[in-house]
Amino acid sequence: MTMRDAIAQHVPDGSSVALGLALEALIPFAAGHELIRQNRRDLTLIGPISDILFDQLIGAGCVKAIVAAWVGNVSAGLGYNYRRAAETGVPNKIHIEDHSNFTMALSLLAGGLGAPFIPARTLLGSDILKTNANLRAAASPLDGEQVLLVPALVPDVAVLHVQRADETGGNHCWGNLGVSEEGGLAATKVIVVAEEIVGVDVIKSDPNRVLVPAHRVTAIVHEPGGAHPSPVQGYYGRDTDFYQEYHTQSQTAEAFEQWRQRWIGAIGSRAVYLKLLGAERWRALAVKDKKLAAPANFSAT
Amino acid sequence: MTMRDAIAQHVPDGSSVALGLALEALIPFAAGHELIRQNRRDLTLIGPISDILFDQLIGAGCVKAIVAAWVGNVSAGLGYNYRRAAETGVPNKIHIEDHSNFTMALSLLAGGLGAPFIPARTLLGSDILKTNANLRAAASPLDGEQVLLVPALVPDVAVLHVQRADETGGNHCWGNLGVSEEGGLAATKVIVVAEEIVGVDVIKSDPNRVLVPAHRVTAIVHEPGGAHPSPVQGYYGRDTDFYQEYHTQSQTAEAFEQWRQRWIGAIGSRAVYLKLLGAERWRALAVKDKKLAAPANFSAT
Amino acid sequence: MKQAYTPAELMVVVAAREIKDREVVFVGMRLPLIAFAVAKRLHAPNAIGFFENGVVRDTPSASLLYTMGDPPNIEDALQCCRMTTVMGLMQKGEVDLGFLGGAEVDRNGNINTSYVGDPSAPRVKLPGSGGAADIASLARRFVVIIEHNDRRLVERVGYLTSPGNGDGAHWRANEGLPRGGPAAIITTMGVLRFGFESGEAYLDTIHPGVKLEDVKAKTGWPLMVTPVLKPTPEPTDEELRIIREVDPKRFWTS
Amino acid sequence: MKQAYTPAELMVVVAAREIKDREVVFVGMRLPLIAFAVAKRLHAPNAIGFFENGVVRDTPSASLLYTMGDPPNIEDALQCCRMTTVMGLMQKGEVDLGFLGGAEVDRNGNINTSYVGDPSAPRVKLPGSGGAADIASLARRFVVIIEHNDRRLVERVGYLTSPGNGDGAHWRANEGLPRGGPAAIITTMGVLRFGFESGEAYLDTIHPGVKLEDVKAKTGWPLMVTPVLKPTPEPTDEELRIIREVDPKRFWTS
């Protein structure tokens, strides 16, 4: 399925979408840019930390609410669009549901487990409980001790970028996991974006490396380079300069408009994006060496 | 470390020990037999299902309590020692804490997460709540709905059989997982029993295949064949005849005594056990083919 | 002329027909495992099998299994994850069907696999729930496969391990169970289904050659019978062919 | 004669000395990451580093990191697990130490990384907690690294993201936090530690060349000072050599 079709069919206006669940790696930028191109509105974005993707979606006016522990630009600093929206309502006001990384993780874990909540000991005394009404301290019904109730979260869609997938939904992901698995089990629909499409036999050769059960995968998109500027272990490194450039080029709403027009608006697909990035820059990021996982024999006989 | 030393140093009388966490595969029989040889007493055995290992430990008088969802002989039927202990107190009375597989899994998950309990919707209305005082239904503090409170379980020791480990505690396990990871995170001490000892570089080549963080591993035992008659993916198959033979040869306490003398008492080590099993039988169980996991490149550059 | 078949083979095909295409099924061992293979090959090619050890499959294993942890069940699996993954998805409501056995099943579809007699001093200690009580609690529906006699089909189980309809149709919701309940009891004599309003089992079809009075005599309570009792449809040649491919030595189906 | 060093280099060595051998440390990025490398090479060879994305390491990465998700942090990791694994072990009490930064830290070691001004209409929206509030809540102790001025060291944070000692020594236990609290604030001017009875920060050592009156002037509350104020021990040549190996372009430590 093309990214255009996957986003058009499975992420309508008003959806809650989990993105960037592996934290700073495997961020589905191509999916985010397609949401912007299709002018999606009133999205609720879910993810523990977002390394500039949420900032871009906010700047483009796609977002109604943020459910996250951290939104910004990890190596370069704050996210200017996030600040503008939160501080001055530009381009629109957003609702912010503050979390910590652990409460984000536990809420998705509970979502995938079908547990109504998970009790935790974190954040007790934090003002996060004052600004996020969904996180509440209570006496444990087990022993009366104070616990934090972290309610289950079930996103409408999770978008997961992985190294490889097959046409039936099977998928392999390695390196950074973060809360990818929890998000993939919690979400109602799962869009898998893969660097490579491989045969079913490749995926089945290593059933322990599968991130999300194949039958839960709603759409598979083949989108090489789709995580740039974030890294994909074994495929390409992080383009840290790109984050720095974004930081500089998004300081004002006008500057961000130009950035957006250049990298998203004027571009119809990820292939064109990579062309704009330049072959040399893309080659420099590519992983050239091989450090393969030690063999594991799955034979039964 | 030898199995003898690992058991002597880390599993004193009265310990709670989690065994067989991958269910019917990777059962640490060698560790269980060493517990019997060292005449360990008053153990609490923890595990979702036990395919004859718990039955053997009960028959040898090592056990004070069972925390499990199922105890017997999966392919052959009931466990006679378990029945004798529960029905007639032979060789001694045991306390049985009934669980389902899911409540066992959740209690270990909670143990490893440091959560006091996990609320679930299973077993509501089951008599298991009448015979296991640790499982209790209560009104959810979130919304008042009925939930089952599954309290955290922290075994003193978990024994995990894996395919390979390094000298520093690093370990790779593939195929059946069950609740191995949850148990390895929950337990205070972890004994890893490995078919092969490999270099640290082998384990580090695939950090996603590690079962339990290396620094949580208390002892590493190199014990090839240590899971027989249960299977180890890629190494050997299940010796289903052995389970059938055990079924026949443990019908009376006297018969079990003979079985025990033959397979455990008269034997000082796993190597002798495998010799008694016979080279031909052992060769027949060995995995000869190769179906290797598809390569995964972890290189950063 | 129809082929001869064993009672176990008939039970397998009845079980297979319970599996709809694209359903997620907690398979279990023995007869249901063979039923899953039959369904996959015939009418439910996209069914998915879950196993409690964390195995997810879209094809039956290449060789017969004695336990779900056997190496052939791992090879070519769709995924080997953790028990919490498959059980969690079931708690979430994503498992359509589970198959269960038991020492006793009662009028309301409750199952005992734990104790015969007083649990504190049992006459027989049975192996216990395993995952059965979870499947009975959390799957969208479950099916029991059991030998038909009055020690197994009892008025009320001595110990309720796996919840059926408790003491009636509204019991599950009252207890807080989120969904589900028994859909059928497949026995060696017939197929029982459950009244929507009563939550009680009744005889829905009777196996060819079995007499109704024998079914009633071998049931531990006054068995209700559907007004239009029909014979259980016999296995087709194709169904039998697949069963015998999957279990060539007739280990489970003789 | 002693080598010259930057304030950042001094902060790194102070942080490194906080790490004891065999401790499990939530490392974080920037200066603490370099501190971890120094400690591993010198006095804490068996320390273990946890990262929120699920990475567990016993060696610093081969090249400098800009984020914990960078590929060099994966290569040669001890383990790449899930966030719930490392955070769960921390909640269980198995993380000894965590390093935190922040926009504001107050007299009692509470940290703000969320909002400046009213959260419903903030003057500045900061990025948020990330994992910081969890580390502050659950690690056995935490250390703050921050620039020393009176906009950063404030009497009371405007928004309490990450719990320190709240409003006093007994606050954490009252709130239900299971353990932990602030052990030190490492600033560009000195090292603050916390009174056991008051839960309040006091100046424990002062960096070489810094005047006490300047420290007091740049602190947002009347700063208590230890009766026997000593200078912060300077970096050794060996410590500086390792720092400069790890950060050869002085990206973080210039």
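As written, the chain order gives the labels A, B, C and D, with residue 1 at the start of each chain.
Note that in this section a residue touches a chain if its C-beta (ideal position, glycine included) is under 8 Å from a C-beta of that chain, and two chains touch if they have at least 3 such contacts.
Note that the structure is a prediction, hence the values are computed from the model and not measured.
Colleague: Counting one step per pair of touching chains, how few steps separate chain C from chain D?
Modeller: The distance in steps between these two chains is 2.
Colleague: With respect to inter-chain C-beta contacts, which pair, A-D or A-C, contains the greater number?
Modeller: A-D
Colleague: If I average the CA coordinates per chain, which chain comes out farthest from chain B?
Modeller: Taking each chain's C-alpha mean as its centre, the farthest from chain B is D.
Colleague: What whole-Å value do you get for the distance between chain B and chain C if each is reduced to the mean of its CA atoms?
Modeller: Comparing mean C-alpha positions, chain C is 28 Å from chain B.
Colleague: So how far apart, in whole Å, are chain B and chain D when each is placed at the average of its C-alpha atoms?
Modeller: About 40 Å, centre to centre.
Colleague: At least two partner chains per residue is the criterion; list those residues in chain B.
Modeller: 113-115, 120-121, 145, 147, 174-175, 177, 203, 208, 233, 237, 287, 291, 298-301
Colleague: Send over the residues of chain C in touch with two or more other chains.
Modeller: As it turns out, chain C has residues touching two or more other chains at 55, 70-71, 74-75, 80-81, 84, 91, 138, 178.
Colleague: Which label fits the chain touch graph of this model best, line, ring, star, complete or other?
Modeller: Topology of touching chains reads as other, fitting no named class.
Colleague: By the document's touch rule, what are all the touching chain pairs in this structure?
Modeller: So the chains that touch one another pair up as A-B, A-C, A-D, B-C, B-D.
Colleague: Which residues of chain B touch chain D in their complex?
Modeller: 111-115, 168, 170, 185, 203-204, 207-208, 210, 213-216, 298-301
Colleague: Hey, which residues of chain C end up touching chain A in the complex?
Modeller: 24, 48, 55-56, 58, 62-63, 70-72, 74-81, 84-85, 88-94, 138, 178
Colleague: Using the touch rule from the top, collect the residues of chain B that touch chain A in their complex.
Modeller: Counting only chain B, the residues touching chain A are 113-121, 138-143, 145, 147, 149, 151, 163, 172, 174-175, 177, 198, 202-203, 205-206, 208-209, 233-235, 237, 287-301.
Colleague: Once bound in the complex, which stretches of chain C touch chain B?
Modeller: 29, 52-55, 66-71, 74-75, 80-84, 87, 91, 114-115, 119, 121-134, 137-138, 159-163, 166, 171-172, 175-178
Colleague: Write out the stretch or stretches of chain B touching chain C in their complex.
Modeller: 22-25, 48-49, 51, 68-72, 74-75, 78-79, 82-83, 86-87, 96, 98-103, 105-106, 109, 120-128, 130-131, 137, 145-147, 174-179, 181-182, 230-231, 233, 237-238, 240, 243, 287, 291
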